[in-house]
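Shared between the two complexes below is chain A, which pairs with chain B and chain C, respectively.
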Partner chain A sequence: MNADKLLDAQGLACPMPIVKTKKAMNDMETGQVLEIHATDKGAKADLAAWSRSGGHELVQSIEENGVFKFWIKKG
Partner chain B sequence: MTNKKVAIIASNGGLFDAYKVFNIATAAAATDQEVAIFFTFEGLNLINKEANQQLAMPEGKEHFAEGFTKANVPPIPELLAMAQEMDVKFIGCQMTMDVMGLEKEAFVDGIEVGGAVTFLEFAKDADVTLTF
Partner chain C sequence: MSVKEMTAKEVAKKVINKDELFILDVRNESDFNDWKIEGENIEVFNTPYFDLLDGVEEILDKIPTDREVLVVCAKEGSSNMIAEMLSDEGFTVSYLKDGMKAWSEHLEPVKIGDLTNGGEIYQFVRLGKGCLSYMVVSNGEAAVIDSTRKSDIYLDFAASLNVEITHVFDTHLHADHISGGREIAQSTNATYWLPPKDAEEVVFEYSPLEGGNVVTIGNTDININALYSPGHTIGSTSFVIDEKYLLSGDILFIDSIGRPDLAGLAEDWVEDLRETLYNRYRELSDELIVLPAHFMIVEELNDDGSVAKPLGTLFAENHGLNIADEAEFRQMVTGNLPPQPNSYQEIRETNMGKITPDDDKQREMEIGPNRCAVR
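What follows is the complex of A and B.
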């Protein structure tokens, strides 16, 4: 899936993946897609909740070799 | 979208307490919520410039130090700075500071010093209130 920006949050523990995602999103325009790579297992539920509460769309999330990948469209 | 408000009371001063407080606070701030933390009694350790560099683990739990390193959990001063960067409001309890003989200078920059009412005024219409 195409993304406008990639955020590498691998190796970071809660709440850093969320904090970094928020910061990355601040610099993006509505409709743009941020791709996030994380290894924190909690990020899976957290990024879904974060997207919902912020009015963003979690377009896709997959797990690949222990890395969780997310694509979030800015709302 | 109107911002939700989160009001937190931090009244304990150990390392675990600090993580509970700052993790919730930074996560809330990163989710566009307005956050204020009232630091009272031992909770003041968390914003004390010197004390917060070396907060104690609960007795008998010192072996978790390795787990913190392994999980790459950020140090408390770093989390605190992040919270401030995201406009989390810190309120230091004036009464506790007087009791402990501490001046505002002992604490990180940018804190507000106030009494219980200062916190209650913020908390009265908060959507979430937490005590640690």
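What follows is the complex of A and C.
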């Protein structure tokens, strides 16, 4: 899936993956897609819930070799 | 203002002492709704940390100033951050060290009583998950029953009492938590007893625990009488210790009874469950103190933090023991069952030795409430 920007949050523990995602999102335009790579298991449920509450769309999420990958479209 | 650290042990003391505490739980809503810290005088308020990144102003009016305030999250990082933010606003708050992960694993040992010929019985209360395990101590020897995953707690406790663990038991193959039994037995060379009907698929050596087995702890004849009591699982076995305590496993709880469906055979096991509760247990003395392997709600805790009641009291008060109509009983234990424990199939396979997940994975599998009972 195509992304406008990639955020590498691997190795970061909660709350940093979300803090960084939020920061990166601030610099993006509505409709653009941010790709996030994280290794913190908690990020999965939290990013989904954060997207919902922030009006963004979690387009896709997969797990690959212990890395969680997310694509979030800015709302 | 500074941020203080509160340990799971300190929270446990507050639950047992019924102290007042306000908890700001900053985990996401679904984790919070699944499972949280509970206590008679504990008020809990949930706002996810990711909704507070721009500031805590909108929840300031929810934070009391007349009570201690504890911020809680899954592992600690987010609660620490939110606690700092509240502190910057002038509040004195603590965060839970190692988060709900530590709360899930914390064990609080409570002495239940003395044994006739010297020795004691202790209950380990896992407040965060509602699991209860036991240590019977007599004359330099100890037995551990239904141990939880963190085996070092029992090893350290035995060392502090200067006793040697010689026997380890599981009343049944657990589906809600990973047993530390095998690990304890391995590191102490103790005998590990399992009911053979639950252990058909296990891949390690064990001693078959069957009705009528008598095991002696210490040389003061503290007998552990195994009593075959199927229902929650086909092999479920109860113990009578020192003719005074009935360890009922997951068959009978204080305010509920075991569910028969976690190995997928609810319909088959309903009758066993009824037979155990309505016939076999009826033959036992009313004066036996029932010590179950779980509790569901903090109201089941006694004032000293223990979970124990005479069998006679349970026959009078436990709803599950007072359903005269068999069809109604069947309906109660097979219909309307609560959701099954998280990862219960994987937990059963781990307890059989079929899979060996790493420590992090095991911890994650156990997170959440136990849900072994029906009410």
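Keep in mind that, in the parts below, the second predicted complex is superposed on the first by the 75 of 75 C-alpha atoms of A that agree within 3 Å, B and C clash if a C-alpha of one lies under 4 Å from a C-alpha of the other, contacts with A are read in each partner's own complex, and residues count from 1 in each chain.
We take it that contacts are C-beta pairs under 8 Å (C-beta built on N, C-alpha and C of every residue); 3 or more make two chains touch, one makes a residue touch a chain.
For clarity, every value in this text was computed on a predicted model and none was experimentally measured.
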- Item | Partner chain(s) touched by A:16 [first = chain B, second = chain C, both, neither] | both
- Task: Scan A:42 for contacts with chain B and chain C and give back first, second, both or neither.
- Result: second
- Message: One more residue to check, A:50. First (chain B), second (chain C), both or neither?
- Response: both
- Could you pull out which residues of chain A sit against chain B in one structure and against chain C in the other? 13-16, 18-19, 22, 46, 50, 53
- Query: Can you list the chain B residues touching chain A in their complex?
  - Reply: 1, 23, 26-27, 30-32, 71-74, 82, 86
- Note on the structure: Interface with chain C, chain A side, in the complex: residues 13-16, 18-19, 22, 41-42, 45-46, 49-50, 53
- So, in the complex, the side of chain C touching chain A is made of residues 28-31, 48-51, 53, 73-75, 77-78, 81, 360, 364
- Message: For a test of understanding, state which residues of chain A touch chain B in their complex under the given definition.
- Response: 11-16, 18-19, 21-22, 46, 50, 53-55
